[in-house]
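Next come two complexes built around chain A: one with chain B, the other with chain C.
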Partner chain A sequence: MLLLRRDSFPLQSSDDIVKARQIVRTWAAELGFKLVDQTKIVTASSELARNAYDHGKGGIMIIEAIEDGDRKGLRLTFQDQGPGIPDIEQALKDGYSTSGGLGLGLGGAKRLVNEFHIESTVGKGTTVRIVKWV
Partner chain B sequence: MEKQKSIVSLLKAKQDTILQEWEKEQFSAGKFRADLISPDELKQQMRDFWDSLLKALGQEERVDLSDEGWKPVRSLLTELSKSRAKLGFTPSETALFVFSLKKPIFQLIQDTFQNDPARLQKELWDLNTLLDSLGLFTTETYIRSKEEIIRRQQEEMLELSTPVVKIWEQIVAVPLIGTLDSARTQTVMENLLQEIVAASATVAIIDITGVPTVDTLVAQHLIKTVSAARLMGAECIISGIRPQIAQTMIHLGVSFQDITTKATLAEAIKYGLSQVGYRISKME
Partner chain C sequence: MEQIPILKLGKFLLVTIQVDMHDQLALRLQDELTNRIVKENAKGVLIDISALEIVDSFIGRTLANIAAMARILDAETVVVGMQPAVAITMVELGLSLPGVRTALNVERGMEILSSLVQVDSDAPPPA
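After this line comes the complex of A and B, so read on.
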């Protein structure tokens, strides 16, 4: 797999979430994602960025344009050093929220992309990595 | 400590000359912004800064702006930079307040230590470093408050761009345009609820054609608003859910189940009118 381009952005304020979303939209458009898929990856990034900020006490987003054979894609990594998630399976369940949210962000983001990988250690933090292919 | 003291007493002893020269610098042609600040005000600022500078220099052993002893100097410069950013000074004009102090001070040091080159160099270096860091501090504060001003203006603009429009008796509409971060969504929704009351509306149309992303937070705000409006006796219609957004919402698992949705604002208006007893028809 080839890394075409890489950048990272802070997620320390709700402005940062808006900015992260704009960056993802720009990169997705440049890679040639169709409008529907742009909207899907942008929305997934919005959910994960907000989780890193709201639940994870802030973190960073790493954005990478990748190429695998003849397909291109966008890989996004959301990292925080927050409290971590004790039960990932439960957190992924639709409707589960510890903060009065809709509880659809994590599971929803997973359904919006092609690859979804989550790692979390209580007391250490959470990393979510997603890939969407053009 | 010893040496620091001696510099302070030197500066104190010669302060009249320094202030005079400094004033000349500040009021020299092309530098003084008579349109933005009065001479008296500027003189007062210089005086205050000078006093707090000497005080800090006399108190602290090292020159480290983050030390407690430098707090008064910092807050004075913060105030100054903020007010200058607001008044319309340029960043250079703001930093010159501090930098223009270099000439008179260096002159004094030069005259005093001309027979002791090592000492001369050392003192010049120290004072230069100090004035540089104070000057940079004003620039940084200036830029930060400019950013703050811009951010506030943006916010105000965003609020302006979501007016609640009265469509007909009992019907209000709010076209949402742009990014809905949580702060703004909250305001828009509160506005809408107020307008519903003010207009005794029974139908409220929320048009999201201009919203690029509907994530679960925005959806939750929308759902909450619709329920609140319902409690106040108004039915909400959400219009302008574009196909890509509808698809994304399905994947997210968000549904506007018992909320009336219409593809376009026009359809929503037509439906709203029918709800309050009107019909749009073409003239024969």
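After this line comes the complex of A and C, so read on.
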């Protein structure tokens, strides 16, 4: 796997969520994602950026353009130092929410991308990594 | 303070969302619209989202809340202009906007609102 480009952005305000969406949109368009797939990865990033900000008390998004053989993709990592998720399986279920939200964030984001990886330690924080291939 | 303009058009309120809304702005719109429905005695709300590039779970919930609050205040809501890519993504995300009426464009949306309000005013008064 080849790393073409990498950058990171803070997620400390709801304005940062908007900025994260715009950055993901720009990179996805530049990599050649079609409009529907751009919309999917931008929507997934919006859900995960909000999770990091709302539940994780702020964090960062790392954005990477990657290449694997003849395919290119976008890898996004959302890291926070929040309270962590005690039961990941439950958190991935639709309708499960601790914040009064719709509970679609994690499970929904997972459905919109090709690869989804989550690691969480109670008291330490949560890292979610997603990949979408062009 | 940043705000999304709400226009009054006869018995209806018209909102065109033209910016990438952050969460507080969406909540502010929800509050402001609810207040305006009462203040203007509005019978319908038309929300044009043709400029929105995504509808995530937060914006989806806000739209559903607006429709629910409007209904309690005796007003109908129609959301118009959703981009196809947005609709495809929303369904995969798991959002179906329950209780929210939609139309393809502003013109169709206004027709729907007019017919709903027409039917209402034709109904006999409660005994």
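Here, the second predicted complex is superposed on the first by the 134 of 134 C-alpha atoms of A that agree within 3 Å, B and C clash if a C-alpha of one lies under 4 Å from a C-alpha of the other, contacts with A are read in each partner's own complex, and residues count from 1 in each chain.
In this text, a residue touches a chain if its C-beta (ideal position, glycine included) is under 8 Å from a C-beta of that chain, and two chains touch if they have at least 3 such contacts.
Note that the structure is predicted; figures quoted are calculated from it, not measured.
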Review point. Who does A:R50 touch here: chain B (first), chain C (second), both, or neither?
Key: both
Exercise for review: Could you tell me if A:L35 is touching chain B, chain C, both of them or neither one (first, second, both, neither)?
Suggested key: both
Review point. Shared contact residues on chain A for chain B and chain C?
Key: 14-15, 17-18, 21, 25, 35-36, 38-40, 42-43, 46-47, 50, 94, 101-102, 104-105, 107-108, 111-112
Point to revise | Residues of chain B that touch chain A when the two form their complex | key: 151, 179, 181-183, 212-217, 219-220, 243-245, 247-248, 251-254
Review point. Inside the complex, what are the residues of chain A that reach chain B?
Key: 14-15, 17-18, 21, 25, 35-36, 38-40, 42-43, 46-47, 50, 94, 101-102, 104-105, 107-108, 111-112
Check your understanding: Considering the complex alone, what residue numbers of chain A touch chain C?
Key -> 14-15, 17-18, 21-22, 25, 35-36, 38-40, 42-43, 46-47, 50, 94, 101-102, 104-105, 107-109, 111-112
Exercise for review: Can you check the complex and tell me which residues of chain C touch chain A?
Suggested key: 20-24, 53-58, 60-61, 83-86, 88-90, 92-95
